[in-house]
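Multiple structures follow.
Below, chain A partners chain B and then partners chain C, in two separate complexes.
Entry: the complex of A and B
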């Protein structure tokens, strides 16, 4: 009975979201503020209805109600509680429920907006959000009903894919969805701006926290997914240029470009229509990602819950959600706002941000081409090709290099025509440090041209961020006495941006270490054998057979020591999950500041020994550390207080 | 250096053991494991991947160049097996589009700046 209530709640929200959308369209031209209040009330009820329905589904997972198809297929009574919960979004139907939950929550948050944003703009934003909600509820109810019952419930469930039973992956989808859905908010802002013709600095100031939230969440979500792939898949890699990874990376790149273009719009009122276009495309790319993952169109390590009929449904949503705004854009963008002629020098923030946007958009398109080209070629003449990392190293990497170069300099450039007086001094400092760093790098054993270039870019950015941070904090005479006001001043002086840029530098350092200086040792080893890694030795002590809560494990015990001093014990495992009849390898990883010792146990027995793979990955954890810094920087910048009052308000009503 | 069990050795006059492993791995990283989902044969533990690695190693010992080995594999299995798509008539757009976009983007931006 309880699941039926959940289903009915979904149907009620579906019908009411349809009525709300119609209501919004009818009242579009009206100047009556009551309409906005009604839409705001709807936003609250939608959120309450969807969260109740979601809670019912969650409850069914927690009590293991196997009369529900989704629970039977994705859960098992013996599974730990956290994976019973994460099992909800570890599948297609449940993940859509999570998607709509976040959507209604965000819509509710926007509806509570009490700032200077005009009521017409706000009603349109809420209206567009409601139409998105309506489309996704239609998708859920017609193709992917999570409350589908089984006529004869089985005694126990099939369990969740063991690879997904992992703390990293339990939180990967929700965080990633915060990002995708966050981009739906900036999409609604853009469409609402096109409809009302109202775009100004208030618009830019209001949209920016949403882009920042979406961007930070995407950063964290992608990093979490990559970290999971690193320790769970047992190949020692962290990024594979897989279609599904690309699907999440493209919205991230667009969001990054958007974050910077909106800054230009906010301070200088230029790139207005370009920013609107990016905001529309950000969400389109999120939908495209969903389409790629769910349709099974492209082979990927990650593809799950693939079903062609669902693919077609998402394709329809994608076409409408991109097509209609683009048509609107073509008609309306020219009379959105006539940009004033502004003057700025070549060495100005404006130029730097323009270059940033140019290269980031090109990079996004490059990944789009790499992801979809095999598909089009196949459809065109039936030829099948594969596109692997080599393609992206040759195209994406050189396109991103200038972005890094400019990232170090741009923050200390001035707006407009006044060139920073200390400009040449700072540049010389950065060049000096980078040359020094490149020399040190070239002396490392195994250094190649590419490793020196990659490492130097990281050092370039490190020194750029450092000198920026020092000069900007000095400028404002910080009072160190009061911690709160000191912190506030730091935040208002772009602390968030500095930390995010520092994150990129840390990330690049991690890539340099992992890509160019890793060592790998492969071989068949037996108990008692010793493997040398640099000045450390790894001794194979024992193999044990144990049982976990829902698996059986074969665990090898290795001790890592230096000069007979024990550093750590490494226990790589092979697990067998009887419910799913699958085997997984659990790598043993000793993660240290300067590198990871990564050990994988293969097949074997006491007679012939076990095959063992050992990697030493220098600086690899800096990759995720860098990503965390980026996300942290984003979150900090949301708290930035914008004192400047908007000076121009333009209204072109329909 | 401990040798991976799947890279079995034979004598080769011109290359030593380490060079053969390195070359085999370098090529393997660019060969798709056809039975896996988006993995190179260097990463995969499937039977096909093991067979192909042995095959590539054999070709290296026979003295074939990297290019000849890639050609041999793509003739036998199709271009689909190459993770690094060759520059041919059907991939011209793939390789050139990113740079064409960048160049035209620069051009548009330059016009914008002049304005």
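Entry: the complex of A and C
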């Protein structure tokens, strides 16, 4: 009975979101503020309805109600509570429920906006959000109903994919969805701007926190996914240029470009239509990602339900959601705002941000090609190819290098034509530090040209961020005193940006260590064998067979020591989950600040020994540390208070 | 309201629609391909039995010996991968019993131990002429087994002629296996 209530609530929201969309379209030209108030009320009701329906589904998961198909397929009564809950979004239907929950929550937050944003713009934003809600509810109700019942409920569930039973992954989807749905907000802003013809600095100011939230969430979500791939999958890598990874990386790149172009729009009122286009594309790429993952075009750990009829539905949503705004864009964007010719020198923030956007969008394009090309080729002549790291190293990496170069300098460039006085001094400082760093790097054993370039870029950025941070904070005469006012000053002095850029430097350092200086040892080892890694030694002590709550395990025990002093015990494992008939590899990882010792157990037995793979990955944890810093920087910058009054430019064309 | 359409502004739209068009095409093909791949085809059909020795479980005599497929030469027989821990194997047990009335059935206990296996056979009946043990899952790999239960039919020349993945249900037995036996 209870699940049916959840289903009915969904249907009610579906019908009412349809009525709301119609209401919005009818009242589009009206100047009556009452319409906005009605739309705001709708936003609240939608949020309440969807969260009730979501709670009911959550309840069914918590009590393990196996009469629901989704619970049977994705849960098991023996599973820990946290994984029962994460089982909700670890599948196609449930993840869509989470998606709509976040969507209605964000719409509710926008509806409470009390700033100078005009009521026409706000009602259009709410209207577009409602249409998105409507199409997703249609998708849920017609192709992926989470409340589907089973006629004969089984005694127990089929469990979750054991690979997905991991804290890193339990939070990977919801955080990623925060990002995707956040991009739907900036999308709605863009479409609303195209409809109302209203775009100005207030618009830019209001859209920025949403882009920042989306960007930070995407950063964190992607990092969590990559961290999970590294720790759980046991492939010894952290990024594979898998189409599914690319599907989340493309929206991230677009969001990054958007974050910077909106800054130009906010301060200089240039790149207006470009920013609108990026805002539309950000969400389109999220939808494209959804399509790639769920249509059955790909099969991987990520591919939820491979059902082409769902693929068709998403393709229709994608076509309408991107097609209509792009038509609007083609017709209206030239009318949006006639950009004044502004002057800026080569060494200005404008140039830097323009280059940033140019390169980031080109980088997105290379990934788009790399992701779609194999699909197209397969479709046209059945040829199966896979595009791997070689392609991306040759295309993506060189495009990103200039972005890094400029990233270090851009923050201390001035707007307009006035060149910063200390510019040459600062540049010389950065060059000096980088050359020094490159020399040190070239002395490390195993250093290659690429490793030096990559490492130097990281050092370049480190020193750039450092000198920036110092000069900007000194410039504003940081007052010591109460902690909060001190912190506020820091935040208003671009603390968020400094931290995010520092994150990129840390991330690059991690890549340099992991890509160019890792050691890999493969071989068949038996109990008693000793493996040397640098000045440490790893001894194979024993193999044990144990059973866990829902799996059987084969566990090897290794001891890592330096000069006969025990450092740690490593226990790589192979697990067999009988219910799902799957085997997983649990790599044993000793994670230290300067590097990870990563050990994987392969097949074997006492007679012939076991195949063992060992990696030493220097600085690898800096990769995720850097990503976390980026996300942190984003979150901090949301709290930035922008006092300066914008020039208000409003053009009503309807 | 004036419309001022420039070609450059149409570009994103044109690019986008061409991508969508091709994606739709790809999807269309996948939809048709899926119909073919639904039935798991075994690479082994039409080939002879994989040459891997399978230790036999013998509860009466404690002699270690391997299953000798030559014992069944000139006979149609079935090989059934099962396990005591596998729930669908319990469902198919009566059908395997039925099958064993017509042809010999060799059971291969996949990742199982002898004791649990004995209990399983006591509870659900023992339709097997011989039972092999595959506790490491090596045999299953050689036979290309996707998961237990799985059933193979072998003809008089020792060639695999049929494979069924999943529990052997009555309708499969009637529509697929019985005609083959005739």
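Operating definition for what follows: the second predicted complex is superposed on the first by the 643 of 654 C-alpha atoms of A that agree within 3 Å, B and C clash if a C-alpha of one lies under 4 Å from a C-alpha of the other, contacts with A are read in each partner's own complex, and residues count from 1 in each chain.
Here is the rule we use: contacts are C-beta pairs under 8 Å (C-beta built on N, C-alpha and C of every residue); 3 or more make two chains touch, one makes a residue touch a chain.
All figures in this text were calculated on a predicted structure; none of them were measured in a lab.
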| item | value |
| --- | --- |
| Clash or fit, chain B versus chain C on superposed chain A | fit |
| Touched partner set for A:322, first chain B, second chain C, both or neither | second |
| Contacts of A:389 with chain B and chain C, given as first, second, both or neither | first |
| Contacts of A:331 with chain B and chain C, given as first, second, both or neither | second |
| Apex chain A: angle to the C-alpha centres of chain B and chain C, given in degrees as a multiple of 10 | 60 |
| Which of chain B and chain C A:311 touches, first, second, both or neither | second |
| First (chain B), second (chain C), both or neither touched by A:471 | neither |
| First, second, both or neither for A:537, with chain B first and chain C second | neither |
| First, second, both or neither for A:611, with chain B first and chain C second | first |
| Distance in angstrom between the closest Cα atoms of chain C and chain B, superposition on A | 9 |
| Sites on chain A touched by chain B in the complex | 235, 237, 240, 242-243, 299-301, 303, 341, 351, 354-355, 358-359, 361-362, 365-366, 369-370, 373, 377, 381, 383-391, 395-396, 399, 521-525, 531, 602, 611 |
| Sites on chain B touched by chain A in the complex | 1-5, 30, 32, 37-40, 43, 45, 78-85, 90-91, 93-95, 97-99, 101-102, 105-106, 109, 112-113, 115 |
| Chain C to chain A touching residues, read off their complex | 1-6, 9-10, 12-13, 16-17, 19-20, 22-27, 29-31, 34, 83, 85-86, 111, 136, 147-148 |
| Contact footprint of chain C on chain A as seen in their complex | 273, 277, 281, 284, 291, 295-297, 306, 308-309, 311-312, 315, 318-319, 322-323, 326-327, 329-335, 372, 375-376, 378-379, 576, 578, 581, 605, 653-654 |
